[in-house]
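Multiple structures are listed underneath, in structure tokens.
Paired with subunit B in one complex and with subunit C in the other, subunit A is shared by the two complexes that follow.
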Partner chain A sequence: MHIADGVLSVPVWTGCLAVTAAITGVSLRKMKAEDTPRIALMTSAFFIASLIHIPMGPTSVHLILNGLVGIILGPLAFVAILVGLILQAVLFKHGGITTIGANTVMMGLPAVGAYYLFRLHRLFKFRVSAGIFGALAGGVAVFLGAVILALLLVTTGSEFIVVAKLAVWAHLPVMVIEGLIAAFVVTFLKQVKPEMLGA
Partner chain B sequence: MHLPEIDKYAHLDSPLHSWDPRVKIVSLFCLILSMVLASNLLVAGLGLMLAVALVFLSRIPFGFVFLHLRWVMLFVLLFFIIMPLTVSGEEIARFHFLSISRRGLELASLIGLRAFSAVLLVFPMIGTMKFSSTTAALQRLKLPNKLVQMIIFTYRYIFVALDEMGRMFMAARARGFRSGTNLHTLKTVGNLIGMLFVRSYERTEHIHRAMVSRGYDGTLRVLDEFALAKKDFLKAALVVALALGLYFAGWTL
Partner chain C sequence: MKLVKITIIVLCMSLFSPTAAFAHKMLIDAFAQEDETILVEALFPDGSPVKNCKVEIFAEDGRLFKEGTTDEDGRFVLKSEGATGTYKAVVTGTLGHRAEVSFAIEKFEEVAEEAERPSEISPQKMKLSPKEKFPWLEIIAGLGFIFGLSSFILCLKLRSEFKNASTRNR
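So, the complex of A and B:
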């Protein structure tokens, strides 16, 4: 899911960097100064949770959790994901330096989308609606991320069409796993700490 | 699970360690840019050699560096497998129904060289100073204060969260949990993640109150004092000249 340095064309990665800078600027202005440590602490929890590997047949996948970040942090998820990706690039060399913007757009925009999708669960009053919308938000966030990844690759050059298609297909099982995990986490939080879901 | 310590070799002594953090970050970023912009294999190859030379100069052990290249290798491998088979162009080899195109192979190699050079340069850039110096330098380079604070606090608490998660998984295993490809695993992991979030959420309250009682008002004050010397600028001039050289070499070679 992370794009390394040296693949994307210059207009693509600089454009993504500009989008990331603009959204981050607006988000930081909206974030209250004393909220910084709170958001950062949740970001570190997400960072660690995304290291968990889920066995999938003979191999395993690691969690992305961008949908859950969105559900819990709302629009501020974008900045949280930017910080997480900076640390992943520096600590694990996962991702890249010039592609931080591209990776943040790819995971951050779907995260914010997941937040608005999840909020719809309040329109339905039945018992498992939070879980169902959690699953939808978690799955859709991964799917949108894969679609943005594919778009970025295809805009870079037509040589990448097959890689882009493959990337979307490879994310389908991940999407199912992420959706289920999001459903279980949301159900758990609904019972244990409903205020975290903005209730 | 283990978190790599990026500043494990910050205590060494090398021309890169003694370089002013601000100038170092900016100069090496220019060099990374020139690697990413490399337009042909020759320039990208030169770039990789330069990156290796800088890692060597930083005295960071190559074993340590090599351990961190796993993700880049996987990423580059993906392109190496797919692109020679799918990009159309002059055919250089053929196995049954698979044909290898020269253009695809060249493109994959170019991507590989650029990606490896850029990643290698992160070691001389960030690995040659304490992480607190890096964040202080970012602050001085006018990155938004709140963003720098977010990076500092997140970095500080990922180690706490890692310990917490380690304990929770150990407890789950002690109760007989084994992970596998099934719904039960997903449910258990979901509950553990939920618990990690709840604990972090509750901890934010305590930490925030403790910080406020010590005078935290939402701004970050950097105590590190940096002093620029002539040597810092000489190193910067050299590195930026190399970056420009690589960039313009791509036009003529």
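So, the complex of A and C:
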């Protein structure tokens, strides 16, 4: 779900770029030295995930992993996603250079949302609550990404409900796969390295 | 526990195997054919066609020349109507996909006179290579960049933390 160059109008992509710059600036100030390896790891995973691609009718979708990045990094996920997207745009020609801001907002905001959704698992004491909330967060992050994509494309004159339906429908397999991946990773980390989940 | 570990490893390996289809951008090509038509074709890098998407052909001065949609094979054929010069084809896909390519339309009359010559441009031939190589180099470059950038940030952060610590001690 990368938006290519030339799709969005100038005010939209510059606005998104400004939002991205602001959030990234705040995150970088909050970031501690010991967070760096975690961010680098998740940036790498995010960067490569987009190469795994599923053909879906008139469009093409790929893994995004923004939910998992969000669960592990929290608000710092914005930095990881920004760097990952810049590298994808430059090296793989995915998306565009001007739309980096729009794409970061589209994948980064749901990532932060996934973090707060995942934190809710502490309210439930049963054994697999982390796995279930991990799966939920992984899936919901992709869903929200599709909705933000539709919102951004509304500014190009397309109808929200039509694009949103198509985007959500096309990303349904991605939601399921990412939910499963997030559930696996979260269950695993919960047992071997719970501090990585901010426990 | 062991089972979970193995499952994750197998999952990761199956995801990152080179046989997995990859990439996301659109590949498009447009060229004039001998029968005074223009063929525009659009594919996703795994070879699947970009179906039912809007194609616009712009003249050099930015004026819209023709528009249409791609068929089930990701193609759009239109009559060039004797037009010559440089044109730009823009394919707008769904969900923010977009690609453009410039191409030239030349008169094919001279070619027609030398009809005996084996035809170099066979009509309706797919010019795009449907499969791209797996971008190993780009992946390594990207991972190297992430490693370098994180090291740099780590250095800066540690430096400022050490500075703060030393001024506090004084």
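Just so we're on the same page, the second predicted complex is superposed on the first by the 167 of 199 C-alpha atoms of A that agree within 3 Å, B and C clash if a C-alpha of one lies under 4 Å from a C-alpha of the other, contacts with A are read in each partner's own complex, and residues count from 1 in each chain.
The criterion applied here is as follows: a contact is a pair of C-beta atoms (placed from the backbone, for glycine too) under 8 Å apart; a residue touches a chain by one contact, two chains touch by 3 or more.
Predicted model, so just to flag it, every value in this text is computed and none were measured.
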Which partner does A:26 reach: the first (subunit B), the second (subunit C), both, or neither?
-> neither
Once the structures are superposed on A, label A:193 by its partner contacts, choosing first (subunit B), second (subunit C), both or neither.
-> first
Looking at the overlay, what does A:149 touch: subunit B (first), subunit C (second), both, or neither?
-> second
Counting only touches as set out at the top, which of subunit B and subunit C does A:62 meet: first, second, both, neither?
-> second
Which chain makes contact with more of the residues of subunit A, subunit B or else subunit C?
-> B
Figure out whether A:166 sits in contact with subunit B (first) or subunit C (second), or with both, or with neither.
-> both
Once the shared chain is lined up, is A:98 touching subunit B (first), subunit C (second), both, or neither of them?
-> first
Please work out whether A:1 is in contact with subunit B alone, subunit C alone, both, or neither, and reply first, second, both or neither.
-> second
Using the superposition described at the top, list the residues of subunit A that contact subunit B and also contact subunit C.
-> 2, 4-7, 31-33, 36-37, 39-40, 43-44, 47-48, 51-52, 54-55, 57, 83, 87, 91-95, 163, 166, 181, 184-185, 187-188
The subunit A residues in contact with subunit C across the complex are 1-7, 31-33, 36-37, 39-40, 43-44, 47-48, 50-55, 57-60, 62-63, 83, 87-88, 91-95, 99, 149, 152-153, 163, 166-167, 170, 181, 184-185, 187-188, 191
Interface residues, subunit A side, partner subunit B - complex | 2, 4-7, 10, 24-25, 28, 31-34, 36-45, 47-49, 51-52, 54-57, 65, 68, 72, 79-80, 82-84, 86-87, 89-98, 159, 161-163, 166, 177, 180-185, 187-189, 192-193, 196
Going by the contact rule at the top, pick out the subunit C residues touching subunit A in the complex.
-> 1, 4-5, 7-8, 11, 15-16, 20-26, 44-46, 48, 50-53, 90, 92-100, 134-135, 138-139, 141-143, 145-147, 149-150, 153-154, 157-158, 161
Subunit A contact footprint on subunit B (complex, rising order) | 1, 3-4, 6, 29, 32-33, 35-38, 68-69, 71-72, 75-76, 78-79, 82-83, 86-87, 103-104, 107, 110-115, 117-119, 122, 126, 144, 146-147, 149-158, 160-162, 164-165, 179-181, 183, 185-187, 189-191, 193-198, 200-201, 203-204, 207-208, 211-212, 216-219
